[in-house]
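Letters are used for the chains, namely A, B, C and D, taken in the order the chains are written, and counting of residues starts over at 1 for each.
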Amino acid sequence: MPEAAFVAALGAVFEHAPWVAQAAAARRPFDTVAALHAGLCAAVTSAPDALRHALLAGHPELAGRAARAGMIAADSIAEQARAGLDRLSDSEYARFEALNAAYRDRFGIPFILCIGRHGRASLLRAFEARLQSDPEREMRTAEAEVFRIAAIRLGRVVEEDGTLHTTGRISTHVLDTVLGRPAAGVAVELVEVVTDTETVCVARAVTNADGRTDVPLIGDRPVPIGVYEIRFALGDYHRRIGTNLPQPPFLDVVPLRFGVAEPEGHYHVPLAATPWSYQTYRGS
Amino acid sequence: MPEAAFVAALGAVFEHAPWVAQAAAARRPFDTVAALHAGLCAAVTSAPDALRHALLAGHPELAGRAARAGMIAADSIAEQARAGLDRLSDSEYARFEALNAAYRDRFGIPFILCIGRHGRASLLRAFEARLQSDPEREMRTAEAEVFRIAAIRLGRVVEEDGTLHTTGRISTHVLDTVLGRPAAGVAVELVEVVTDTETVCVARAVTNADGRTDVPLIGDRPVPIGVYEIRFALGDYHRRIGTNLPQPPFLDVVPLRFGVAEPEGHYHVPLAATPWSYQTYRGS
Amino acid sequence: MPEAAFVAALGAVFEHAPWVAQAAAARRPFDTVAALHAGLCAAVTSAPDALRHALLAGHPELAGRAARAGMIAADSIAEQARAGLDRLSDSEYARFEALNAAYRDRFGIPFILCIGRHGRASLLRAFEARLQSDPEREMRTAEAEVFRIAAIRLGRVVEEDGTLHTTGRISTHVLDTVLGRPAAGVAVELVEVVTDTETVCVARAVTNADGRTDVPLIGDRPVPIGVYEIRFALGDYHRRIGTNLPQPPFLDVVPLRFGVAEPEGHYHVPLAATPWSYQTYRGS
Amino acid sequence: MPEAAFVAALGAVFEHAPWVAQAAAARRPFDTVAALHAGLCAAVTSAPDALRHALLAGHPELAGRAARAGMIAADSIAEQARAGLDRLSDSEYARFEALNAAYRDRFGIPFILCIGRHGRASLLRAFEARLQSDPEREMRTAEAEVFRIAAIRLGRVVEEDGTLHTTGRISTHVLDTVLGRPAAGVAVELVEVVTDTETVCVARAVTNADGRTDVPLIGDRPVPIGVYEIRFALGDYHRRIGTNLPQPPFLDVVPLRFGVAEPEGHYHVPLAATPWSYQTYRGS
């Protein structure tokens, strides 16, 4: 691939910093996306400090004025929107403004986080934790987050090669242990538990003949760190197949609550159930 | 027991109707509380229709003006309070007023329900369902509820004899299947799930050395029909015994959601768990 | 395919009866193996009764003299050997001789059974049951078994097309619910439980990184009807990963015993275990 | 209690050594059986070495000539019989003879073991292990076993006081998780797994309305160290309640295999099952 095309294709991977792609272009060709990513990161770490600092300084704030005004890169808009940062209440927005200001005062750069890897609760926890860090360590942390963001953007640009491992998965299946077969037609809902009182629906699906959902509840992207519940409409399933149930049934909507700590991990959370018992585990 | 003492002791079992105890007194002695209860009910069903109707008409409305004004029997005050009817919001109070009025218009008696056997959601469902009934059947239903109320009051008066079966139970125990022994010191909370957004804490406890709570989460009274969640602080338990957990842990607070349809039943809902799996069932 | 080649390829599918392939050749071409099989069966059922009877009469006896003397078709030798009929004790051999004689006396044909679908215990049960049948029904049963045998032989001749569904599967996987991940390196053994005192080892394997065996314990052939045990060396696994176990451990070799009734079914029998608990189910 | 009666009652606790009871008599009264046992043991450990050695030397050999000839104390006869030592094959008997001789040559006393705490397999393992011990340590080990034997005999003499903890328990219960209630009428059998090919039936029972056996499968005595299987006739139960099962059923006789390492422990091994799944754990 000619240098110009290479830079054109990858210029957006590091926000407002096509110079990274240019510097890496000299090292072509790269066998894998992982090698390409390593090459881009090396281009950064071997650059003069001023340039490295500029790379960080050029990043948009989370839920910042620039973001509200749409003055940030397309990828950032999408990433912040996926994290719900474009739907903040005024009080939440104010909180981000305050944290952004405090962080910028302390470190002289915007707060940079690969938000695709965080749910809203863990994002705020991370923000407050890093405000306590020391400048030297924080520069490295911010750069590491920039590299993570780049890896995810790169993964989207270069489809076919999975060597970057930037995505995780939440999947499930439902087994009817009364009949000893998969439970088909069970409605399942994945919600993120943001706080004790606030949950956000992330995905809805219905199990197929194999008791699985046709696609993972989350896939092809990092699983945001956080707490989730998969809710299974088990009572509806049993009513439909004609099981005689009390009113209310002992098991109706069954919630399985679990935490995700590795955004690149596979969380398979199955349900094996009868109308009177169930079990789950982290499967594979 | 002399008749006067008998009437004095049991006069309050049928609200504002000591005549029931008087009529039953003739049939003394009774071998069991069940026999005594049957005797009192027989005294009602063999009474003239006018008297039977008066017995129903004399009952207080649920969350009615009389209740608010404290003009009802002590037992009724306690029973309505336990069901939370003394803590209704104005809109909920208005709804009860409307239902009470509609019911009284249709059937000429107040709505009578053994509220000890209903959670708030099932109480309203029952109220609306019975508004659709026909007068003849509804009289019998109301009388049957009066008999249930009497049985529970009787059970409190006569301690030692369990023949009435007016009480149910919710109990649990927690098993640590990593160590193959009961999990001690696990905080558990029982909440009633009133609506998707409203839950009410019913009981809190901590498991003892046998992995059980010292007393049932609900006992010595009917279990109100409804949906419940037992929430187990499993993550805290594992942290305390030094298990190495991710942050957030895969299992932290584990909710077991189940429905209760038989107020006089025993619902034993155990948790057998590791940091990565759990199972439950309706046990005995 | 020219008729001669067609007959040459399929002549052995019906034992000692190339005429079946010849008769079916007229109906070429066949889209699928299932269609081909149907064509061969139709050639039989549309043949004169004498020929149909000769087809059955020409079949070898199970564990019969001809088999012992090696005077039967190669496929039959292999099938009878797989069922262990070439390793019978003298008393077992005598028993087969007696059953074969009784059957031939009663029906005038040898006992025909698709032995690939039966374990040794169910084979004898089927033999004794069919001795009680009536001649008319037994002719149809024997012919149906001939068609099953043909389907399996056909499945071997024509590799690539799975439309015949003549094969089943026994598979497993092992989950370590203490660590919440697959249990690798667990030795598993599949035995057929022939009688209370006799078991025969069918397969041995060790679980891989995904907690599964690289190939099914039984696959690419019917699963013989019978009772099986999968035995998991769970104690060895826990010792190897350094779990502190009592001596003897609570769980050492874990046997999962289950019956197979559908030779063409998939029996997935997983083990989810800690050193103190386990569970299994028929999975998918 | 007068000294004579005291000695008469306890004389047999230490085999052929009434002097132990005599020496302990001086320390009367004892508050608990545990205190009494401690007093008897102290009488031994404070006796001259010659006497202590004589106490050990006076013990009968396991499955020795004296035992065969009935020349040993009644308690020993019963204990050796319970361990099956009176039913040894000639080769097993010869093996014990050889071990007894080797042990006596090496240590100058008979091999002493509290056989009530061992199954046949663990008894032989212990025998071979202790043959490798050194004389000094072996004297203490043998004396400790004499004290254990005394504790068990004492426990039988003095009924009502449980302070000695010389007994363990194996119990079970069966839960029908299809119906969410205890499984009544399930035949269960407890067998000791002596070797891969030899099992010995220890107890049979049928579950009652609560899904439990009326008495523990083993209780009121130590649970012999060893490997056991509880076998549940689950298929018969499902047939009886009218469940539609394949032939053979997926689950018919369900074996739960487990090891016992603490003879004084409580091993509760429940079965929660459907026709297609089951789970077990060491419960409490």
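The rule we apply is simple: contacts are C-beta pairs under 8 Å (C-beta built on N, C-alpha and C of every residue); 3 or more make two chains touch, one makes a residue touch a chain.
Because the structure is predicted, anything quoted here is derived from the model rather than measured.
J.: What is the set of chains touching both chain B and chain D?
T.: In this structure, the chains that contact chain D and also chain B are A, C.
J.: Measuring between Cα centroids, what's the chain most distant from chain B?
T.: Comparing chain centres, C lies farthest from chain B.
J.: When chain A meets its copy chain C, do both sides use mostly the same residue numbers (more than half shared) or mostly different ones?
T.: same
J.: For the pairs A-D and A-B, output the one whose chains share more C-beta pairs in contact.
T.: More C-beta contacts join the chains of A-B.
J.: Taking each chain's centre as its mean C-alpha position, how far apart are chain A and chain B in Å?
T.: 45
J.: Go ahead and note the Å separation of the Cα centroids belonging to chain A and chain C.
T.: 48
J.: Return the distance between the CA-based centres of chain A and chain D, expressed in whole Å.
T.: Centres of chain A and chain D (C-alpha means) sit 58 Å apart.
J.: Please set out, as single numbers or ranges, the residues of chain C touching at least two other chains.
T.: Residues 177, 180-181, 250, 272, 276-277, 279, 281-282 of chain C touch two or more partner chains.
J.: Which positions of chain D touch chain C when the two form their complex?
T.: It is residues 122, 197, 225-227, 246-255, 257-262, 276-282 of chain D that touch chain C.
J.: Please give the residue numbers of chain B that touch chain D in the complex, ascending.
T.: Going by the criterion above, the answer is residues 175, 177, 180-182, 210-211, 272, 279, 281-284.
J.: For the complex, which residues does chain C have touching chain B?
T.: 177-181, 250, 272, 274-277, 279
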